[in-house]
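Each of the next two complexes has chain A plus one more chain, namely chain B in the first and chain C in the second.
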Partner chain A sequence: MGALSLDAIYKDFPSHRVVDGISLTIPQGCFYSLLGPSGCGKTTTLRMIGGFDEPDRGTIQLGGRTLNGLRPYERPVTTVFQSYALFPHLTAAENIAFGLERRRDPDAARKVQAALDLVQLSAKAGRLPAQMSGGERQRTALARALVVEPELLLLDEPLSALDPKLRKQMRLELKELQSRIGITFLFITHDQEEALSLSDQIAVMHKGRLEQIGTPQQIYLQPATRFVAGFLGAVNWVGDVGVRPELTRISREAPAPGARVLEATVNSAMFLGDCLQVETRTPAGDQLIAQIAHGLGEFRRGDRVHVWWRPDDEMALPQ
Partner chain B sequence: MNRLRALFLLPAWAFTLLLFLGPLLIIVAYSLRTKGVYGGVGPPWTLENYVRLFDPLYGVILLRSFLMAAVSTLGCLALAFPLAYYIARSGRRKTLLLNLVMLPFWTSFLVRTYAWMFLLRDTGLINSALLAAGLITEPLPLLYNDGAVIVGLIYGYLPFAVLPLYSNLERLDKSLLEAAADLGARPWQTLLHIVLPLTAPGLRAASVLVFIPCLGAYLTPDLLGGGKSMMIGNLVQNQFTSARDWPFGSALSLALMAIVMLLLWTLLRRDGGEML
Partner chain C sequence: MKQRLLPLYVVSVYAFLHVPLLILCAFSFNSSRFTVWESFSLVWYRAMWNDAALAEATWNSLLIAVVSTVIATAVGTLAAYGLWKKNARLLSGSLYLSLVTPEIITGIALLATFQWAFRYFQFQLGMHTVILAHVTFSIAYVLLVVMARLRTADPALEEAALDLGATEWQAFRLVTLPMLRPGIAAAALLAFTVSFDDYVITSLVAGVDSETLPMMLYAMARRGANPVVSAISTVILVGLGALILASERLQKS
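Right after this comes the complex of A and B.
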């Protein structure tokens, strides 16, 4: 067991460079997310760690051992695939037993049962994938990858095929499971909310490069680039300064001194359930959105207002 | 609308009834008659022809036919599986490769079987080449034996094995192979535990499509076996020609048909009828 490190990884596809010099280190036992839009190279990075693709340049090491050139079946790494890739002719229990059987594990029967218990699927052990719900398939895939006790678990957007409600529940289960078993998770996602809520560390990827590595708080509150700021959530931009809508305040009266203030006109006010979203425009033409709690006033189109925020809440990111 | 549909279906029904069911009924009738002196059939009605089927002599020929067809089917599967796998994985060249597999159908089966004679006979291409190279001093006995018949049958029915296997392998999700490798399966273990079980329907379809025509083959054993390698198809042919025993020939062909249908029924039942 040990840390995973990627050192200057490059991968070209015939038409373009997919991974453009990625270096990162994932400490053992970490829940690490690789976050980025589709086509940013995150899946290719994962496939190179799993052994399905080879990097053109750069080294991949796990616990000091170089993985380059090893076949997928030679690596102490398993994957939860986006489509789960469950074997359709095998039951949940047989799918989970597959890796143990390849290793001729004498303790396979007990481990399969323990893995079924771990993901609460004991009652569905005899079901074929076609007879399972999306959540059950997802849990089977997870158990199948975990039961062989990998040093590193790769998860390729494992929640994206689930409906939104189930996705939130599985998110909790996944986080809880990871902290219980302590295996390093490398989680690939394009969903910033997923990455923020699950991860110890997040690496944001864009066009084959890493934009920023940090904790969820660092990534969200102190983005290193405009791309990171924008990818993790909405931003009001005023010149080189950005501020998040939920940290943007709005009032008819001028705020107390010390705040950054702009005068603006209300364009629209929209009730979003958990907040009121007020869209305003400054005389200079900047569009500023404020998401405010209910009871902080009512605003109508054409109202002249003060839009303001605390200097601590602003992100200075030159274009 | 229904009347229109019936109108369009009429030719197909007429064709099937007149030209398929009709001859079949005639064969059934013949098989229950007694042979005429110069061929043809005559009275009285009898079951004698069916009793004769159980003569050990014919049993041996039937058994031989089964064996030859089984060996040819296995040969076809062994060649077709890697070929179909390769084609299913070859991206944009798929269509070209599939067309190449079908290419032999553009020429008559008879002509192609004769071509094999030119290859295999004592003065044929293979023996001439080996003699010229000094590898042998006498021509190898390549033609007019069971081996030649099996080679001819494998050659003739290979495309029928490639196509169903291809359509099965083409649908095989590549991520399943990656998942197997990811979990520690070496390539041969993936083949054994994942690919083969998932292509079982294709393997069954290919087996049926090759085995049935091989079992009833008469042209290939006749030309490449040279009469020394008799299969049930040749036996039927003999009864209608040199033996001039049409009733027994009819009984034989009906027995062959019954065996084939039994086989098909067993296999189709297993796949829920969607195999073909």
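Right after this comes the complex of A and C.
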């Protein structure tokens, strides 16, 4: 067991470069997310770690052992696929037993039962994938990948096929499971909320390159690039200074001294359930959005207001 | 008005399609030799059963169909798998060519090929040339059916098998093959049917020892209306109909 490290990984497809010099290190036991829009190269990166694609250049090491050139079945790494890829002719228990049987594990029966218990599927052990719900399939895929005790688990957008309510619940289960078993998880997603809520570390990817690596707080509050700032959530930009809408305040009277203030006119006010979203426009043409709690005033189109925030809440982007 | 015409139209179309077959079946149970209904009888079925030449032709047809089906199914399935793996669209597309080639052309081409080969190898037209010919045209049908099954398959399945420790061969044998099994069975049934059915190509490449059932039926029918022909046709119709139904059912499962 040990850390996973990618060193200057490149991968070209016939039409373009998909992965453009990625280097990162994932400490053992970490819940690590690769976050980026579709087509950013995150899935290809995952496939190269799993052994389904080979990098054109660069080395992949796990615990000091080089993985380049090893077939998927030679790597101590397993994958939860986006489609789950459960074997349709095998039951949940048989799917989970598949990897143990390849290893001729004498303790297979007990391990399958333990894995079924781990994901609370003991009652569904005899079901075929077609007879399971989306959540049950997802848990079967997870159990099947974990039961062979990999050093690293790769998860390729495993929650994206679930409906939103189930997705939130599975997110909690996934996080809880990872901290219990302590295996390194490398989680691929395009959903910033998923990445922020689950991860110890996040690497944001864009056009084949890494934009930033950091904790969820660092990535969200101190983005290194404009892309990262925008990808993780809405931003009000005033020149090169950015501020999140939920940290932007709005009032008719001028705020206490010390705040950054702009005068603006209300464009629209929208009730979003958990907050009121007020869109304003400054005389300079910047559009500023403030998300404020209820009871902090009523705003109507055409109202002249002060838009302000604390200097501490500004994102300082390096030029 | 509309509601009345539609059923009438449907009945007419089905009658147009199936009445000739029903007439054939009906007269196979007629005691008269002529196309005038006399009374119900199994006399022609008894005559069919006791005909030694007919038995030989049937045996030939079955042997050819079974052997060519086994070969065509094996080759066709592996080809479909390979084309799917390599995502070879042009190569798979070109297979349709052999489906749309007129049978007579295929037959003549095969005959020319065999005659050319006879110059260099000592062999004659016979069962083996018929089997080879049947394998060539059956492969396209097998490919078509197996490819259809593969097209709906998740390519991640084999990757998942490799990921869990299976070698490429184990992934194929333990995951892909079981998943393809209904498609392969359907393809085999279809290959059997087209082989058992074939007249045009077979008659061109058959030798003296390899007269098949369709060839014999054709020869008998040419000599004039014969209720034995009707009886044989009815049996074939029912048998192959059952195979096609089984094949359809397998393709859906």
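Quick note on the criterion: the second predicted complex is superposed on the first by the 317 of 319 C-alpha atoms of A that agree within 3 Å, B and C clash if a C-alpha of one lies under 4 Å from a C-alpha of the other, contacts with A are read in each partner's own complex, and residues count from 1 in each chain.
Quick note on the criterion: contacts are C-beta pairs under 8 Å (C-beta built on N, C-alpha and C of every residue); 3 or more make two chains touch, one makes a residue touch a chain.
Quick caveat: nothing in here was measured; it's all calculated off a predicted structure.
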item: Fit or clash between chain C and chain B when superposed on chain A; value: clash
item: Touching partner for A:W237 - first (chain B), second (chain C), both, neither; value: neither
item: Partner chain(s) touched by A:Y10 [first = chain B, second = chain C, both, neither]; value: neither
item: Partner chain(s) touched by A:T78 [first = chain B, second = chain C, both, neither]; value: both
item: Touching partner for A:F227 - first (chain B), second (chain C), both, neither; value: neither
item: Common interface residues of chain A - those touching chain B in one complex and chain C in the other; value: 50-52, 71-73, 77-79, 81, 83, 85-89, 98-99, 102-103, 144-145, 148
item: Sites on chain A touched by chain C in the complex; value: 50-52, 71-73, 77-79, 81-83, 85-89, 98-99, 102-103, 144-145, 148
item: Touch list for chain C against partner chain A, complex; value: 154, 156-157, 159-167, 170, 174-175, 178-179
item: Residues on chain B engaged by chain A in the complex (per definition of touch); value: 173, 175-176, 178-186, 189, 193-194, 197-198
item: Contact footprint of chain B on chain A as seen in their complex; value: 50-52, 71-73, 77-79, 81, 83, 85-89, 98-99, 102-103, 144-145, 148
